[in-house]
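When the chains are written out, they are named A, B, C and D in that same order, and each has its own residue count from 1.
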Amino acid sequence: MSKLYFRYAAMNAGKSTNLLQAAYNYEERGMRVRLFTAALDNRTGVGVIGSRLGLQRQVETFGPETEFSLEGLGEGIACVLIDEAQFLTHEQVQQLHRLAHRGGPPVLCYGLRSDFRGAAFPGSAALLTLADDLEEMKTICACARKASMNLRVDGEGRRVKEGEQVVIGGNERYRAVCPSCFYAEDDDEVPAPGLFG
Amino acid sequence: MSKLYFRYAAMNAGKSTNLLQAAYNYEERGMRVRLFTAALDNRTGVGVIGSRLGLQRQVETFGPETEFSLEGLGEGIACVLIDEAQFLTHEQVQQLHRLAHRGGPPVLCYGLRSDFRGAAFPGSAALLTLADDLEEMKTICACARKASMNLRVDGEGRRVKEGEQVVIGGNERYRAVCPSCFYAEDDDEVPAPGLFG
Amino acid sequence: MSKLYFRYAAMNAGKSTNLLQAAYNYEERGMRVRLFTAALDNRTGVGVIGSRLGLQRQVETFGPETEFSLEGLGEGIACVLIDEAQFLTHEQVQQLHRLAHRGGPPVLCYGLRSDFRGAAFPGSAALLTLADDLEEMKTICACARKASMNLRVDGEGRRVKEGEQVVIGGNERYRAVCPSCFYAEDDDEVPAPGLFG
Amino acid sequence: MSKLYFRYAAMNAGKSTNLLQAAYNYEERGMRVRLFTAALDNRTGVGVIGSRLGLQRQVETFGPETEFSLEGLGEGIACVLIDEAQFLTHEQVQQLHRLAHRGGPPVLCYGLRSDFRGAAFPGSAALLTLADDLEEMKTICACARKASMNLRVDGEGRRVKEGEQVVIGGNERYRAVCPSCFYAEDDDEVPAPGLFG
């Protein structure tokens, strides 16, 4: 029985590099894979998985209407690899989970875990709930601790705490930070004396 | 800096045993802990953490109104342990995450990952999104594979696929199963030819 | 294909409790298991797996001459569980690895990782090299960090740094500590200016 | 307190790619790292970490005489990364473990876990015993299962089961395989009826 894997991380941990390496490992052994990324215009273009180390590959895209099934997958596929998996719908994650466990190949999904508010992306929430194997890919905060959260900063470098989950074409940037830095600037607020139990 | 841990599993994997062992490990070294479980009437009574191996312990309870804060926690606590953590609210999980990373002790949460429909519990969804350390506790399906899902069966032993997430006082029972068994009985449905990309 | 698992820890992390829970999980589903511990006189007696939480169970024993094979295992065994697995020989670990991968059931080994000098036990060295799944069971140092090493102290509470790996019938005791505490008392030594490359 | 990490794998899993990505993640945030590989002539030359995806980087080398210490490391190093870590000595691994836990930066070691006979390399044995964090990097066997072992084949493609752990300048090649394939060809041997307990 195959498994559904979710390799999650904050921004800029090396998810795409890892995905391209996994695809290479299959193809080097003469096996066929199918690769997908979200049909959004990202830093490397539509339908391109690009790594900050300079690796690039043109792949198929998925949108909210894509259906993942054994029939659609075709014969002889050894692995399905999906980048930007935070944009999958809950239903698509269920399709992929079922596909792996009802006769299909393993499915490797790579994506962000949480957004700039600390809330889950829909695809990540479903993958964290259903995937058979969860693996965190580590990166580092500017303070040298492990980064697991993402900050959004505006064009002037100020932190943004409200807004849409995804902004297309703006000046926003993101920074991977540790939880301690993520919560730091709230600390001038006087905390209410919690009841705790 | 302390961490927020989430140890998740399907039904009957041994979560409560593991929690009681962790509390024992602290107390044996002369450290103080605080233990909580959800304020629901479960198989061992309100405010009791009970293990199928026969271990039991009276603990504090939490409800949706409980606030977790450093002030409420008190001085000298080496660890906070929470059973039935799937019933925490998203806000409570954020309080615990912040508490661990802004000067408090480690927080160990134990809970179910998904319900009988394969959907997340609110506390689990938040913990899977925020916890610094995710650890799956394994148990087995009747088919001998790893069980990660839960089935609900009614008083006559028939599988139930719809209904409330939590039923108090009914005849329902739960069974931990692997994804392959979880999806098995749907297979007389003719699957629609998915587009897959 | 089944797997060979190694769940390792420092002293007093709860290994035996976890093993007894895993056996219970199988038996509760009507499956048969075989349990082993090393044929040494330990705190709970020969052939007894005992947990500090008060759980106990009489089991089979293994010594250096025991051979593990599919034939010897018998029909219908769903799982093999082995406590004190640090005392297995390298050859026995190979037998168990082969057994799991050539048609046998899963094998769950529990044991110490390193001795009071920071050196491996023979069984642990082989399991760390061959096991398909390595899982650390956590416990805590008196300083509140994760303990992964073991100290030996003599009858007067002084640390012992040399001697036999296993002492039968002495006054020695062991304490689980973090690496920082394990290395601490060496620090009055002036460290030689390492070449580092 | 920093940690010693060991990321282990069979041949051709992508260890060097992962190491180069980790170094990049630090340097992109303006932090300095030191990179090492074994002073052996490998496929990409002496003192070069090369990835099958085409990435390359000139780095420092270590040999059996290298000493790793805080003094030798120098000020302001955020991370030490070591490739081909299976060739470290036991003493060097202890130096690195101590260094991380007595005030130094994190140390990330990448290496093979076992040789073509299923025996540990010296550096891997020490890292598996001492490292604070063990992470397996996965690759696949030709049979599509997870590969965790390595086969040696001679110039004519025949499996070699005896010989030196490391051969310099020969025609041998290596193949990552799953344990089931690793043990397969022994099966025409009649297994002795094991006593099993």
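Here is the rule we go by: a residue touches a chain if its C-beta (ideal position, glycine included) is under 8 Å from a C-beta of that chain, and two chains touch if they have at least 3 such contacts.
Just so it is clear, the structure is predicted and the values come from calculations on it, not from any experiment.
K.L.:
Considering only chains that satisfy the touch condition with chain A, which of them also satisfy it with chain B?
P.N.:
Looking at chain B and chain A together, no chain touches each of them.
K.L.:
Could you tell me which chain lies farthest from chain B when each chain's centre is the average position of its Cα atoms?
P.N.:
D
K.L.:
Report the inter-centroid distance (CA atoms only) between chain C and chain D in whole Å.
P.N.:
24
K.L.:
Centre to centre, by mean C-alpha position, how many angstrom separate chain A and chain C?
P.N.:
37
K.L.:
How far is the middle of chain B from the middle of chain C, if each middle is the mean of its Cα atoms, in Å?
P.N.:
The mean C-alpha positions of chain B and chain C differ by 28 Å.
K.L.:
Can you list every residue of chain B that touches 2 or more other chains, as numbers and ranges?
P.N.:
none
K.L.:
For this assembly, give the contact graph shape among line, ring, star, complete and other.
P.N.:
Per interface graph, the chains form a ring.
K.L.:
Which part of chain D faces chain A closely enough to touch in the complex?
P.N.:
Against chain A, chain D makes touches at 12-14, 17-18, 20-22, 24-26, 28-29, 31, 51-55, 78, 139-140, 142, 144.
K.L.:
What residues on chain D touch chain C, complex-wise?
P.N.:
So the residues of chain D in touch with chain C come to 1, 34, 36, 60-62, 65-74, 94-95, 97-98, 100-102, 113-114, 118-120, 124-125, 128-130, 132, 134, 136, 145-146, 148, 178-180, 182-183, 186-187, 191-197.
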